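First the structure, in the form of structure tokens, and then the observations on it.
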Amino acid sequence: MSSLPTEIQQQIADWLSTGEIDLFIGWEQGSVPLGATPAFVRDPQDVSRLIWDATCENNLTAYLAKFKGQKVGIMVKGCDARAIIGLMQEGQWTRENLRIVGVSCPGVVDARKVASALGITLEELDQAEIVDDTVVVGDQSFALADTIHDMCQTCNRRNPNIEDVHLGETLPETPVDDPFGHVGEMEALSSDERWARFQAETSRCNLCFACRNACPLCYCTVCFADRTQPQWLTTTSEAEDVQFFQIMRTFHLAGRCVGCGACTRACPQGVNLRLFLDKLRLDAQEVFGYTAGVDPEAQPPLRTYRQDDPNDTFL
Amino acid sequence: MLNDRMMAPPKDLPAIWEPKIVAFLCNWCSYAGADLAGTSRIQYPPNIRVIRVPCSGRVNPIFVVEALRQGADGVLVSGCHPGDCHYISGNYYARRRFTMLKRYLEYLGIEPGRVQFSWVSASEGGRFAEVVTKVTRDVRALGPARRLSINKVNASETDQA
Amino acid sequence: MSAQEVAGMANNPYLPMSMEILRIEDETADRTLKTLDLRWIHEEQAAAFSYHTGQFCELSVLGVGEAPFGIATSPVEEGFIRFTINRAGVVTQKLHSLKAGDVIGMRGPLGNWYPTELMRGKDIVIIGGGFAFTTLRSLIYTLLEGGERDAYGKITVVYGTRAPGLMLYRPDLTAWQDRSDIDMHQTIDREAPNWPHHVGFVPTVVEEVAPSSDNSIAVIAGPPVMIRFTLPVMTKLGFAKEQIYTSLENRMKCGIGKCGRCNVGNKYVCLDGPVFSLAELDELPPEY
Amino acid sequence: MKQWLLPKSSLPKLADTIRQTHRLYAPVRLPDQVAFGEIGEGDPFTLDYANARTSVKTLFFPQAETMLRYERSLDRYNDISATPVDSVPTVVLGMRPCDARGLELLDRVFGQGQYHDPYYLARRQATVVVALACAAPRQTCFCHAVGGDPYSGDGGDVLLSESDEAYVAVAQTTKGQEWLASLGLSEADAGHLATAETIAEAAHEKLVKMAPAAGLEDKLTALFESEVWGEIAEKCIACGTCTYLCPGCHCFNIQDRVLANGGIRLRSWDGCMYEGFTVHTSGHNPRPDQGARWRQRVLHKFAYLPENVGMYGCVGCGRCITYCPVRLDIREVIARLRIETAAQLQGEQ
């Protein structure tokens, strides 16, 4: 755990005390191993609670929907920053109402990977801490780089592309060989095998909606899953309901998903949602040459069209 | 399984499986095309169940997936040719949307051919019959839809071997 | 259905009885309310069914769902049971589309009831507004036709709606208006042609009528805004919180205190209610 | 009460014996979790585990079950009929005392009062619950603060306690007594009992210190209008994972599903964390924000259930702490409320 540098603390405190922002959303120390927790700071004196380290996994921009109309300061990693651009593109937020502390992120730690490396379950991981570049559990230690989330291992945008102040050093953007390798592997399977994979992955889902609620771009006032007229979904954990929900929720992010991975990290059952969402991101790139969360002025691909768009889907 | 006892084939359904295909047809082109096929007495398979929509752009992807969920063996969405949309641009949006959807559903393991899209104008009665014939043939070849369906009724016992 | 099966059903509180719609008609001029008279399909269930005035049932349309409705008939009316349904959600929309002869499901009776035992020997004031009059009709009918009219003192009724066409159960109202053993006051919000009764909001009319709070019990049911403005009037008339009863609504599913959503504090509206005295509500948080 | 000895090495044989007469569920170690699964011949299971991710309540009160069904025919109306209850004789082996206490709570909710839930109670009555005392409480465990104990036998028919290479088995109910007596075990000797005693003492030493919740139940309702709920709920993303993993949560929804030749009425878990849980058809919601929903969660568990059925709705298993996507810790909430209630009392004086 590390508190924020004094100058950043001072900056946030200044924003708060001058009324430039109503609140600041950051992370603070949590009560479980390797888990920071979101912090909402309104009193300038509380800025000392804020921390930044590899346990700060939540994408805090998911909270922005709660504070529409207010002026908000927020801490973002490279991936989180893309969500802000997505929200701006869709008219959810304007730049003036945000004060952004950007932080370059080498990847956030996956406590399940640590537990798994120890041959135990998450419940059994009683203590663990990050010391420099290692995760230390009792007398064992693991390289942090080996225990970061999968989506962090293929991240090629570690530095926020929108920010007011930057915390710490900027990291080199190392090109990743094949950021969509996992999608390619699934594409290479037969139709039956892909269905089996989809079934296996979604079979763990118990429809708690953590993925939706952790997603900064899932801001619909009433989600289709919650509608009663018509009621699309019976809210059970049965395969038919879970698959239906997952297909529709993920497809609603087609061309919008910025690939922050917040849904995948939030899932209590460890469903690899990224395997599905990344297909949509890849297709947006391949078919429409579009990458979400990069250009605040660009239109998401399904909100616009060209007369000479590919026509090969249609008979 | 919540629905298990319901999966026995109902007594009043035919023992031989016939594909059920839900077709979302735009009011201005494809629906009129279907009409023309009818009035011109052009033969096409009776397997489609038509849902008339104002525009292919009106078709929410959830309609397509819901049709499969409710037990359709195939889904066809058809609208005006690009450039001919009664609402100027509805089918252009539809084209992007369904290009993404088709790729996505196939990625998740929905068999290619289960969900198809076409452009059929009001004057193309013959073409409408061809499209329906092709879609029906494709879906028949795939057999009853099991994936996503809460109604695997006609898929279990009456499955064609 | 064998007697054994009927007994078995009594042990499954989620299983509805099959009810045939005898009559379904628009109740009000704006066609947002329909009244359904239902009859049991299975005689044994009809025989086993007994209820109190103020209770409710869950009506269900298979494939659509269930929703709770107060019983508008009185236990002394035999052979059928009546509900008046406001078209609002999916279940009520479907119920509105049904016709005589259709079959729906019914579970109940559920919940508690108006304190008719407590009302013995007392004057009774019944105040209703809009379509919340359903269980009040049941109460009035029970008091008048239960064969024990003498057991109760003076009965005063104030019933108001926005317009004449929105009054429920007009034949009943007309009959009661002409009776001498009930002091009936109908009111509408604004003047309307050929309206012989009061004009004005319910609280105002209650103040005019000024029923005595002495040895009285009052029952109030209506939209929240009517209740809010009527209560101060009742206080002015000297009614204590223990003398005033009302009927609550909350979103319900099971109707039997298990599914955990209709609670107000630690009380379940479906099980401990829907009828509460104001004194009881005072002890509970404002969660309805 | 007799104390039997169950050598760990005899567990596979015991499983075979049980399966002669009962359906058997036991903890199974999966790649990233432990889950209760049905044990067939030779299937591996383990009693050496912290806790299952999904509470054992799911075996008695599954996330979704068909309650009623009807069949449609074209010419006549069919009565809706109830799904037969599941009363297959069953043994659930090795659930933690917190989960067993969760069942005790569900017994009261579904089995007390005027109405009884036939689906839950049938499974419950047909099942022998063999609880396994916690020799190694975890960092997130707080059963001892909510009226439980790592060695509590509440809700169980039998309690197993660790004694090196064996378990000491003690019946908690007549059902458990009869079942144990049928297994042909030998009685535990003084040595094993002493070892078990030592391990139990060590287990209690390991408990993370936490002030008991006792006393809170009478004071919480005074905080109903407090702003503290909004502050507690601020980071909550309303996912409901806490309610789904909780052994004590029992709220459910009832929904209809139309099928081609009939339909079903099913019930599925629901939760107070969801906005739609209490919203009226009119759009009015008596619990309009996440603060109000958290208030319901806390008051239901720590005030209403104690008053209505005599025990907390929280058994201290810690699942909601481990799996909360934003790590909103119920222990910290309790601690915060303790301070708030004290402040409230002082303010009144």
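Observations, loosely collected:
As written, the chain order gives the labels A, B, C and D, with residue 1 at the start of each chain.
In the analysis below, contacts are C-beta pairs under 8 Å (C-beta built on N, C-alpha and C of every residue); 3 or more make two chains touch, one makes a residue touch a chain.
Just so it is clear, the structure is predicted and the values come from calculations on it, not from any experiment.
Among the other chains, B has the CA centre that is most remote from the centre of subunit D. Averaged C-alpha coordinates put the centre of subunit A at 31 Å from the centre of subunit D.
Here the CA centre of subunit B is 48 Å from the CA centre of subunit C. Rounded to whole angstrom units, the spacing between the C-alpha centres of subunit C and subunit D is 39. Computed centre separation for the pair subunit A/subunit B is 36 angstrom, with centres defined by C-alpha atoms.
Multi-chain contact residues of subunit D (touching two or more other chains) are listed as 64, 253, 255-257, 263, 266, 270.
Taken residue by residue, subunit B touches two or more other chains at 2, 150, whereas all remaining positions touch fewer.
Contact with two or more other chains is made by residues 89 of subunit C. Chain pairs that touch one another: A-B, A-C, A-D, B-D, C-D. Against subunit D, the residues of subunit B that register as touching in their complex are 2-3, 5-6, 10-13, 71, 150-151, 153-154. Touching subunit B in their complex are the following residues of subunit D: 64-66, 69, 71, 73-74, 257, 259-264, 266. Across the interface of their complex, subunit A is touched by residues 1-2, 61-62, 65-66, 69, 82-83, 89, 92-93, 95-112, 116-119, 131, 134, 147-150 of subunit B. Residues of subunit D touching subunit C in their complex: 67-68, 70, 77, 79-82, 109-110, 113-118, 221, 224-225, 250-258, 263, 265, 267, 270, 272, 277-282, 286-287, 292, 296, 299-300, 303-304, 307-308.
Looking at the complex, you find that subunit C touches subunit A at residues 89-90.
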